[in-house]
Amino acid sequence: MDSFLIITSLLKIVGILFVVILPMVSYAVYAERKVSAAIQDRLGPNRVGPAGLFQPIADMLKLLLKEDFTPRTANTFYYWLAPCLAVMPAIITIAVVPFGSTLLGVPMVIADVNIGILFVFAIASLGVYGIVLAGWASNSKYPFLGGIRSSSQMISYELSLGLAVIPVFLLVGSLRLTSVVQYQIEHGWFIAPFVGDWLNPWKWLLAVPMIISFVVFVIAIFAETNRLPFDLPEAEQELAGGYHTEYSSMKFALFFLGEYAAMITGSAIIATLFFGGWHFPGIPDGSHGWIFGLINIAVFFAKVAALIFVFMWVRWTLPRFRYDQLMRLGWLFFFEIALVNIFIVAAILAYLPNK
Amino acid sequence: MSPFLFWFFALMMLVFGIAVVVNRNPVASALSLVVSFLGLAALFVSLDAYFIGIIQVLVYAGAVMVLFLFIIMLLGLRAEARRQINWLASAGAIAVALALVLQIFYVVGHFKSAGQRFPPLARPMTDDVRNIGALLFSNYNLPFQIIGVLVLVATIGVILLSRREPR
Amino acid sequence: MSDQNPSSQPMLNVQIDSVWHQFPKGTRIIEACEQAGSYVPRYCYHKKLSSPGNCRMCLIEMGFPRLGPDRKSELGADGKPLINWMPRPQISCAQDVAEGIGVRTNSPLVKECQRGVMEFLLINHPLDCPICDQAGECRLQEFSVDFGTSQSRFLEHKVKKPKNAVLGPRVTLDDERCILCSRCIRFCQEIAHDDVLGFVDRGSYTVLTAHPGKELENNYSLNTVDICPVGALTSTDFRFKMRVWFLKETKSICTSCATGCNTIIGTREDVIYRQTPRENDAVNSCWMCDYGRLNFKYLEAKKRLLEPQIRREGKLVHTDWSTAIAQAALQLKQFSGTEIAIIASGRMTNEELWLTVQLAQSLGTHYIDIVPRRGRGDDILLSEDRNPNTNGARLILGSASEPGANLLAIADAVKSGQIKALAILKENTMHLGVPLERLAQLPVFIAMNILSNEATEKATVVLPACGFVEKRGSMINGKGRLQRLNRAVRPPGNARDDWEILRDLIQAVGGGDSLLSIDDVFRRIGETVPQFAGLTFSKIGDLGVQILQMEELPPTHPSDEEKIEQAVAIQARRRAVRSEST
Amino acid sequence: MAITVPRPKLNWRERMYLPAIVAGLAITIKHFKNMLLGRTKVTMQYPEEKWDSSLPDHYRGAPALVRDEDGRVRCVACQLCEFICPPRAIKIIPDEIPSTDRFAKVEKYPEEFDIDMIRCIFCGMCEEVCPEQAIFLRKDYAITGFTRADMIHDKEKLLEIGGVIHGVILKWNEKK
């Protein structure tokens, strides 16, 4: 390995984590409060700073200063480990997502591995450990129920998640996420093939299975991030907060952080897979000048922000599913749809001329 | 790859592998196994076998062990944590394990190519996903199909066995 | 009355509110009605006093059996005699039941009479219930609700009478509230034998007052406050301190003399506000003396011991209980039984005395006695013996001589230096001829007490204990009746229940087994003292159990009596000297 | 007894749920849009805007002691409010009025009168039970303090809040 790669990688990691993701997480909380307030005809936080913009800082200070309480009967080691496990996967996943084209010749992805999407799924599937451990180590009934719900929910929806994106990779022919973006630049976004060879009628034929794929994937991501309408592991009304009932102070904040980081990661994946990643029609990539490289990054995060808004919008619109409905939906509905969708796309591809 | 990383992950695997056996708490054992799997995955990745490595994490750590943990928690094996260690059985197990290790060393030691250095991999940055797919669906297609049918039969069997008779 | 032996009294048939009852001869009609379940309101009538019949509140309708031509009762359809009702109401408090009479307590006539009497009584009564201390236990309030009307037709000005008039050192009178029932006057004449109260002036201007040149100052004056049905007579001590409905009432006994009057202790949030007598015909009827009634203020004194203390480098320092007990036990164990003396108190309960005996046995000492305490008695309630539990000490200490007779011998042994360790429990032996300097020289001097005094200041270990309202226990009064003390308030500071201190001390010196509650202690007494056998706290009940016939006690040895008199005399002399010097 | 709730039969469009979900999303985005465009009327912004001017007469704010026109503290320490107070917020220590005082014939006054505003639930029972028209619920509702001790209103504070009341029955002041 050469030192240039190491230095740029480190710069990318630090930059993306501390400059983009963490502030984004804290302001996602602020945005969530503002969006929910607007949807419910309220004002939302407006006390700390202009329009309440310093609210995340105040929240963070408050959470840091709160008493860090460990229940006497809790299993201390795992109790402390769980919040860390909850944040980590969401942040690691960002490593394989291309968040820009190139900047001064450096590709804007931390690790451009050839199994990108599998890496995402593998690491995301580890996220459940944080929740399950939190529920178990608290040694308290509501957190325990939350942990149990979480693990079964994760297993159920991981299947649909994986199956839903297979059509995309059937088309692209590679699991590398940069290839996915590149394919979309050439052949049009999967969700809306209005760039590239949109005159090809076969592409239009593929639009229907792509939309199905998109819907199933987005719903599965909702379930994976424990967002409403699938937030059964925390379900305040039934489980008094679920797995983080017994947590306070910064440990609680870490769970919070984890949830929002997972939401950002999920949005980034959706943007990459279906919305052309950093690509926007008419804007050239970073090889035409560093300014375009920056614009590409901005485009990517604009897409992410828009998707985060959709996450919030859905949360403040839909009620929570009942547990049996959730399970039925996952196993009897999305699983089958995703499976059939693969066959349809495969069949179309088999007869697609000049692929 | 860096020998340091190899030793680090190898040791991690061994330590947590032992922890799986030694831990009295089933949950702790399961989690140790997860860490051990992660070490194994890291070793695969270090050999540029990204696909195998990540599948290791995805399937074993991400799905199988979650199911295990789920079951362990639901069963609530508190008595297990208090059970006395049978020292005689432990000694026997260690003896058997040692004998196995000795045998392996003996066999490997008499293996001709063991004395030589491994030749470097032909194409380090190959697309292993494509290679594995091509292999599975060409040379090994029949075994793959047979395994598929076998797994299907097993699944149906499990559902049949675990289904409660309607009253 | 009803509790008199029925066999000696002929039973009379009386019809009360259409139901026939039987009452012994001599029962007053008002009592008969009450026993039959029809309460007749009354102000002037009190069952322990004579009946003047001047309040007219107890009016009833009465009738005699209708006699036929043969001078026999005519029988009705139900086989019961018919009754000729008298057209005008009668007072029920001044008449005894007679054979065959009928009584109506709630007929329209009776109700009309009660309404009228209530209205008259309220004409001049001020409506100052918000400040009246009687509110809440006021008969005028209660009967006004039960039998009166809700509004007054009296438009004229009310008569002004003296308010806040001082009748005596402990009683204040509000004449406006007085309804002239004369209970207090009769009490002074008949019970206290101190005829000082009377009515003066006429009509609406009649007021209650003390005879010229006299004051209501006898030792029973506060009973007039108890029996006053309204808020006219008030206790100067309790006046305006607390509304009665806040008071938690605890049944207990007075420990100021050997009589052991039954009392109710009124407390709120661990503050004692008043002590009132509780009816017990075997002990104190309905009364108690002022001396005993007000003898609880010392429990809130500034001198109250609140923390256990031990002497360290010549100074008493506060410590915790485990240290204090351990230190006391360590000090006591330095000496053999012949060098230790324990002075207990006749004011301790049976349980505490029994534990004291156990402590003495664990230490192997025989020097154990109580301090006799005598005062002037009277023929009413106050006893000469001011120790409430002398009889308990007699039974439980189990020594051959009278309690108190060995005290001077112990004092002499202390003076001569034979006694090296002295434990004084709830007493101040300052008065017993042992000079203070001598006590200060004792290597071990353990004092358990409620208040600090010269003796506790010289002690090596001070154990703060509980007063009589702060603990449970039993005592035997001068007539041999076993009665219960109940806990009304929690002890202040770190003061502890005496029996717990003694139990821990016994365990610390290496004797005794675990006693978890005072009921356990009582059970153990029953195992050693035959008179207690088979009894428990709940069996003692609120009114006590007679366990000693006084003739059973061994006759006091003349020499014992002499020694006790001597001890009391020394005590009195010392006290007099001290009060002169201060 | 179990009750069977009849479930409505859904047609295939309703069973898809998607139209309903889209309709729901449309409603929420409409609210969002209106808020962004400033068309939504939001609630009162409390610390800046207050109700004070429009509080009704029967508003139950902080309890307070009052004086009458003669300047007498109307409370006679009857302790009925202390008795009735559901959260036991009131503590009164009564005392006797000295005979030299102007109002000596009232005889009794509160030496101490504390209302623990941490406990007070603003139920108004003290006002209702008071036989002397001495305690009233005023319109103060923002009772704050930095310590628990700050939150205990003593007699001075209560009289300050209460002020003077006019037009009440003066039963102690006239011949009775």
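Going by the order they are written in, the chains are A, B, C and D; count residues from 1 in each one.
Convention: contacts are C-beta pairs under 8 Å (C-beta built on N, C-alpha and C of every residue); 3 or more make two chains touch, one makes a residue touch a chain.
Just so it is clear, the model here is predicted, and its values are computed rather than measured.
Trainee: Which chains contact both chain B and chain D?
Mentor: Chains in contact with chain B as well as chain D: A.
Trainee: Let me spell it out: compute each chain's centre from its C-alpha atoms, then which one is farthest from chain C's centre?
Mentor: Following the centroid criterion, the farthest chain would be B.
Trainee: What pair of chains has the most C-beta pairs in contact?
Mentor: Greatest count of contact pairs is found between chains A-B.
Trainee: Using only alpha carbons, which chain's centroid is the nearest to the whole structure's centroid?
Mentor: So the chain nearest the centre of the shown protein is D.
Trainee: From the mean C-alpha coordinate of chain C to that of chain D, what's the distance rounded to whole Å?
Mentor: Comparing mean C-alpha positions, chain D is 46 Å from chain C.
Trainee: Distance-wise, how many Å sit between the C-alpha centres of chain A and chain C, to the nearest whole number?
Mentor: 81
Trainee: Using the average of all C-alpha atoms in each chain as its centre, how far is it in Å between chain A and chain B?
Mentor: 29
Trainee: Please compute the C-alpha centroid of chain A, do the same for chain D, then give the distance between them in whole Å.
Mentor: Centre separation, chain A to chain D: 49 Å.
Trainee: Go through the chains and record each pair that touches.
Mentor: Contacting pairs: A-B, A-D, C-D.
Trainee: Which of the residues in chain D come into contact with chain A in the complex?
Mentor: Those in contact with chain A are residues 21, 24-25, 27-29, 31-32, 34-36, 40-43, 45.
Trainee: Once bound in the complex, which stretches of chain B touch chain A?
Mentor: 27-28, 31, 34, 50-51, 54-55, 57-58, 61-63, 66-67, 69-70, 73-74, 127-130
Trainee: In the complex, go through chain A and note every residue touching chain D.
Mentor: 35, 37-43, 313-314, 316-318
Trainee: In their shared complex, at which residues does chain C touch chain D?
Mentor: Interface residues on the chain C side: 126-131, 135, 157-158, 160, 163-164, 239-243, 245-246.
Trainee: For a test of understanding, state which residues of chain A touch chain B in their complex under the given definition.
Mentor: Touching chain B: residues 78, 113-115, 118-119, 121-126, 128-129, 132-133, 136, 144, 147-148, 151-152, 154-155, 158, 174-175 of chain A.
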